[in-house]
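One structure, pasted below without further comment.
By written order: A, B, C and D. Residues from 1 in each chain.
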Amino acid sequence: MVNPIYIVVALLGSAFLSGLSKQHSSAAASWLAYGALLFSVVVSATWLGAFIFNGIPAAEIFTAGVNPPFSINLRMGLEEAFLTLAINLAGMAGLSYLSRDFSIWGQKATTIFLVLIMSVNVVVMTRDLFNLFVFSEVGSIAMVGLIFTRRDTDGYSAGFKYLIAVSVISALLLLGIGFVYYNTGSLNVDTILSQSSLVNGSLAVALFLVLISLVLELKVFPVNGWALDVYQTVNPGIGSVISGVVGTGSLYVLYKMLPLGGALWYEIVLIVGLVTFVGSNFVAISQKNVNRLLGYSSVAQAGLLMVALGAAPLVGQHFLLIAGGVFLSQFLAKSGLFWLAGMINSADTAGWAVLRQKPVLLVLFGFFVLALAGFPPFPSFFGKWQLVIDLAHNGQFAVIAALLIGSLFEAVYLFRWLGEAIKLPVAEGLTLQTPLSRLWPVLLFGILLPVGGYLFSRLTPGFDGFLMVSVAFALALMLLDYLPAWIKNSLTIAGLLLYASLVYPLIEGDLIRVVFAVIFVGGGLLTLIAGYSVKGKRMGFFPFAILMYAGLIGLIEAQNLLQFLFAWELMTLGSYILIIRGKKSMLHALNYMLFSLGGAYMIMMGISLSVFGTQGLDLALMGTSYWPVWSVALLALGFLTKTAALGLHIWLPGAHAEAESDVSPMVSGILLKAGAFGLVLLFLAIGGEANSQQPLLYALGWLGALTALGGNLMAAFQEDAKKLLAYSSVANLGYILFAFAFMTHIGWIAGFTYSINHFLFKTLLFLAIGGVVLRTGTHNMYEMGGLIKRVPWSFITVLIGIITLAGIPPLSGFSGKWLFYHAVIAKGWYFQGTMVFFAGTIAFLYCFKLIYSIFLGQEKDHLRKVKEVPVWYIVPQVLLVLAIMVFSYRPDLILVPLGHTLAAANYFPTDPITWNGLTASTTAGYWNASQIMMVIGVMFVILLGWLLFMSRKAQKVKQFNIVFAAERPFRPETTHYSYNMFRHYHRAVGFLVAPVATRFWNGVDAVMHDVAHSAKKIYSGNGQTYIVHLLAYVVIIYLLMF
Amino acid sequence: MNQLFKRLEDSFGLTAESPRKPDQYFCTVDANKLVACITHLRDNEGFTILTLLTAVDWIEDGKFQLTYLLNNPATKTDLGVRIFIERDNTSMQSIHHLWGHAATFQRELKEMFGIDFPGSPRVDEPFLLEGWDDIPPMRREFDTKKYAEETYFPRPGRETNDPAQYMKQKLYPDE
Amino acid sequence: MNNTHDHNPEKTHQKFLAPENMPRTVIGPDGEEIHIDPLNDYFCSERPKVHEPANNKIIEKFMNWARAESLWVLGFGTGCGSIEIPPLLSPRFDAFRYGVAMRPTPRQSSVLIISGYLAVKTLKRAIRSYEQMQNPKFVIALGSCTINGGMYWDSYNTINRLDHYLPVDIYIAGCMPRPEAILAGFDQLKKRIKEGRAEGANEYARNFDWYKSNQKKIIKDWNMPDYNW
Amino acid sequence: MEIVTKLGFVLLGLVIILNWGLIMAGIIRKIIARASMRRGISITQPYINLFKNYSIRSQITHGVMFYLGPVFRLSGGVGIFLFMPLIFGSENWSNFSFAGDLVLIVYFMFFGMLGMALGAGEGGHPYSAIGISRGLAQFTAIELPLTLAIISIAIQYKTLSITEIVAAQQGGIQNWTLVTNPLATLAAMISFLGAMGHAPFNVVMAPQENPIGPPTEYHGTFLGVLQTNRAILHVIEAVLWMNLFFGGATNWIELILKSFFIYFWSVFVGMVFPRFRVDQSISWLLKLPTLIGILAIVIFLL
């Protein structure tokens, strides 16, 4: 082992040498600096390796051979090794990144930089208070030096503000250290800690001064204006150093010192951190300036780490996992983001669209954003999860709620930013500067993120590495993205099948899971088949498609809540990217992401409420868990955001309608079922029929009915075919929610039938309509018309689709309706039931509008040469039609075993449906699907034959040969009755579809932005004000404490 | 009314005629002063309604007479303003900007007499005579009877009698 | 029937072609050019066919009986006679009892009543409506105007003889014939149908060129294929 | 052999229903005529019209759906017939009612509507589409009181099987739903007005506003098929109402009389009231009749 003191020596030495070197030997000097940093990296790495693999104890290093307090004593432990490694790595990468700037600023800059890195190394390792003070002063001065390298008014102003603020903080620190020494006679941290039992009044004040200055050093909200001004003005490369390197040092110092303050200080740090996290993220919502935004984000992440720090006594042994996960994500991601900002040179987030010129960087940007937002597979996901769970076990629900709200705020700006980068047009004159010296740090950190994620996933209790396989597969596909689409498509299909076959043995006995697995995997295969019609490379599609499907299958396979949430987030992530690929879908995708995250956080909150007092995260144990009503409500709401229940539905229509033709069925027919699956799990967990949540279920039943009505009404008034289908999905998920909320055996059978049917016909319809949209280039139904001659196959499938949708016998939609009627009668939810049936009749309106406006009526001039949709669209449709036919003819094939399953698991012990052959009957009625189908089929054929015989000589005429009051129709456009088709209906019931939900969410959005904008006003830009803020903060905390 | 005519005479050089009925007057103005005249009548003299716009073919004089019949709802008086325009390649200023419905009258005049009103909306669209390719039928040089006989397959054996002659013959065959 | 005006049908057709019937080119969704010839693309240009009566006499007789007893009249009023039709349906005359009913669409009607003088413009619409009716179809012409032009015999714009343009089954004289006369006319029509003599539709199809040339002589802006299906 | 007997009875029933539908239409029109001081058509006129339409020689077609539309429509009517038990207590006259209960019939009504909609749509005539859009819009509101009434009687009889509902009403007029559940009956009878398409709910066909709505383009055999369906549908829907609310029928005479009076109810109201615009009728149906239907359920919940 190399003594870590040599890190200091090497860095300091190289700093001196480079300072001494002349301009002409600058190359040698910079190589020397790299060497020193590399040396430091290697030293830290070897220590880290030794700690992890050999498990050696922490090493204490005493300089000058004297014991404390008369020497500098350093410690090298696991944390120190990890952090110094991070710091030195960041130093090396940062030096490379800044090398161009340094070559302009001169050798002094390199010197200052090395000194800075060295000082932070010492700050991390030192166990001596005064030493700590000295080196943090050294660091600060070096920092100011770096800030001053920007030689203009802004730079000087920011530097001075920094200097003043740091001086004030240092003064407090020095004062505190003096008092501590006075009281304890020691400056060694460990010595003081051993005496902490002696804390009396004056020592407490001394410790207060020390700790509050350390807290202030972390730029807590809202007294951080000085730091934000610095972030905004400095070179992003230096920003990354402030955020990554210096911030790390400050945090670690606080970690070291916090035990001095005792339990109270942990609480304070927790609260301060929480305020910082939520406040900074909130203020950042209305921020558009990239560097300042990054500043806010850095501060917020520091706040999050402070929360972790403050929660250390609560989380116990998981602390390193939590703090490490969050730290690693934010360290890598934030550095990476700063570096990217430097390459782009656009003050506005909108300028980041230029990243599309280098897809690799865009992917890395995505990595960074996702890591910050706490998405899997990145380390912060595991850290946050463990933090929430541990907090929940300690009953800290307010903290969890605040954390989740803060995270949601964070997601607002992060995903807005990501969306802008993916979708906005590239601004004129912006270019990406990507010299290798700047590229490799970003690449390195970007690659480290998933690697770190993998490591942390291994460390997190209860996580099964199996799920990571799919992530690895997606990453591999990302690397293969230069291949043609059909190869990748085949690979994706193969991967999906492989994954499904691996998962199948795990769920084989559980029919409920199998049904959903069939929906997810079957739907995935069918929609991916449609993907073969895409020519070219289709970059950035398949990795995310597989991610989404992996997430969906993961939901089914999940053994515990962590895996469930992991899969849930993977699915959200994959579908987000799929949705944002659509043409005008930037805002819709953002909406989708925010609602999904909101839902996911509600799920997390619900989980945390439910796991309070138990240690079990096992899904199998859920049934026995303790279920407070709020927990169930939150979980249900979380799942309902995915199924887009009324009020939470506004993200759906846009997202589904603007997505690509084969993505719409993925997200509408299949993805929505994830929410339904969640509900199924939840309702089973609360005990099936014998649950204690009747009032909540009653409310959910009404919500389902209202959703069905509202969704169908909205659908009837759409002009956009895909929006129509999307609203129809809203309504159908309302049916499903309604059916499951019955919590009776027959209700659940109806719910499953609906889920299966909706999957079948909605995938079918979206594929068919998507194909037509692909050919006609428009979503607007009134621009189409008469396409039956051009796309007969699509017409047939749409016809079958809408017959199924409308629940007309003999197709399978009717089975759902029949079960429904009987479930309603049995349950006694008459009025809700009536509302749902009313909604069902409204479905006719849009079914007719859909098929008539597109396929019947007058053919338009510009669509006269439309070709039949690609065969790759037809194939899955035909398969779906076959499935519908089989399910229509023999519903018992699924329903009978499903009934047994539900009854056998003691969830719904009484099975009211008796199957006599193919006849299903309840006490109230009976139904035989096969007989109905045969009777109707035979009758239909006979009548058709009769009419064909009678009209065999009919003259085929063309579109304008209609009776038009003895006139000629003017143009097809003026003769096709489609636009605003149900205007009369709107006049009668239009008041029901007033866009209340949209107005509400727009109001929320506006208020948030306004408040955030006002909140920003505390940052006046005046250095003196900032100091007043600082001091006032100290005073307030002091008053609060004593 | 006479005062009105006096005023108009000064401004527009109009020739008044004696009234046909107590509330119906006619006058003649120069064609190029017509628009100014009826604008004045509409805006200042209360003749706010254009009752009709019609034409008479004075083929012997080589003139078309256009009559703009205005009505003053306050005094319940009609005033017909006449102009004479040349018969050949004739055209007249449009007054559709004064009364929207004048465009319809003008369209009819164009169709039936061939009087053009440049700028009048849809003036070239046929009203009744879809696909007419002969001279406008209301011009007196157009021989309606001849046209009808040539075009519409007259039924052989049809007799036509002048009612006066016919009755005379019936009642007083000797005279 | 000599015609001094020299009509070149093709030239006239071009001259009066409606703007919306002009051939045009539109751009399809994939940028392809699509040539539209409205007359051919929007309208069926088949000629009418002769539908011979059924071979079996008894069946044909039965069918003719049904056709005769169920006369669905197209609600198309021309000239002053259109005011004589509504009283037919009033309680006083009650044409319903003879199986007469009004239908609003030519597709379902079998009787076209030309109720008075026909301007060329109206004739065009009457012909279009007649052609959209299905075989067998019958024409009743009311009043002297349809017989020989009546008081409009020398008008520049009113036809003299309907039977040069449409195959007329029954003429009902009068100016105008009263509802009683019209009822009598229906009775005559029924007789004709039952006797199998009301084959106007087939006559029209057989002599289609003659009818069409007569029609086109005065209707110069027909603006659709010869037969309006 | 059994299936042959079954088919025989089904066909015979269909023939009876069809003929009764045509005769009933004639009688009703005769009554209407007499009410407006006319002699009116002969009772056989519907037959003649039907024969006439089937004997039209020439036809045109707008495409495949132009054929399928009427077939769907007639299948809808015949299908309801096939799944409807006609005579209570008679195995032979219960058709295929063993295949499904009331829910099946309620949903099968849509089958014909869909067919009409598609066929009319293929005709390409804007008035057809306008008629369909009006009809569907109005139908949503018409179904609402009916649904409430059906749920009400389902609560009352604890079954959705038509046969059992009829069975529960046997034993005299005091057992009819009309007496035992008058509110549900009232709601359903208002629905019936809409289902029959007489005034005040006849804006769909509205001859004065658009040429007869959906079947604007239909003629000849196509129209004949639609007329056949109309004859069957009117009777069979009256039979449905009869089964649900008026004690069903134990023999053909009873069926014929009851279906006549039920159908006559819609004609009677139609003679008296003028026509609603479509938005008016929807608003109205969503108010009073819906309220009546809700009350019909509330009474059972109390």
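Heads up, the rule we're going with is that a contact is a pair of C-beta atoms (placed from the backbone, for glycine too) under 8 Å apart; a residue touches a chain by one contact, two chains touch by 3 or more.
Owing to the predicted nature of the structure, the values given are computational and were not obtained by experimental measurement.
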Remaining touching clusters (ignoring chain C, no chains moved): A, D | B
Chain centroid nearest the full-protein CA centroid: A
Chain pair with the higher count of C-beta pairs in contact (C-D, A-D): A-D
Between chain B and chain A, distance of the C-alpha-averaged centres to the nearest whole Å: 80
Approximate Å spacing (C-alpha centroids) for the pair chain A, chain D: 54
Averaged-CA centre spacing for the pair chain C and chain B, given as whole angstrom: 36
Touching two or more other chains - residues of chain C: 49, 105, 107, 229
Residues of chain A engaged with two or more neighbouring chains: 955-957, 959-961, 963
Multi-chain contact residues (two or more partners), chain D: 58-60, 211, 216-217, 220
Interchain contacts, given as pairs of chains that touch: A-C, A-D, B-C, C-D
List of chain B residues in touch with chain C within their complex: 128-134, 137, 142, 144-145, 147-155, 158, 160
Residue ranges of chain C touching chain B (in the complex, touch as defined): 1-5, 12, 15-16, 119-121, 124, 147-149, 153-161, 164, 214, 217-221
For the chain A and chain D complex, residues of the former touching the latter: 786, 788-789, 799, 802-803, 806-809, 814, 817-818, 821-822, 824-825, 828, 830-831, 833-834, 837-838, 841-842, 844-845, 847-849, 851-852, 855-858, 919, 923-928, 931-932, 935-936, 939-940, 943-944, 947-948, 950-951, 953-957, 959-965, 975-978, 981-982, 984-985, 987-989
Residue ranges of chain D touching chain C (in the complex, touch as defined): 33, 36-42, 45, 48-49, 51-52, 55-60, 207, 211-212, 215-220, 223
Touching residues (chain side chain C, partner chain D) in the complex: 49, 51, 62-63, 66-67, 69-70, 72, 91, 94, 96-97, 99, 103-105, 107-108, 110, 134-136, 201, 229
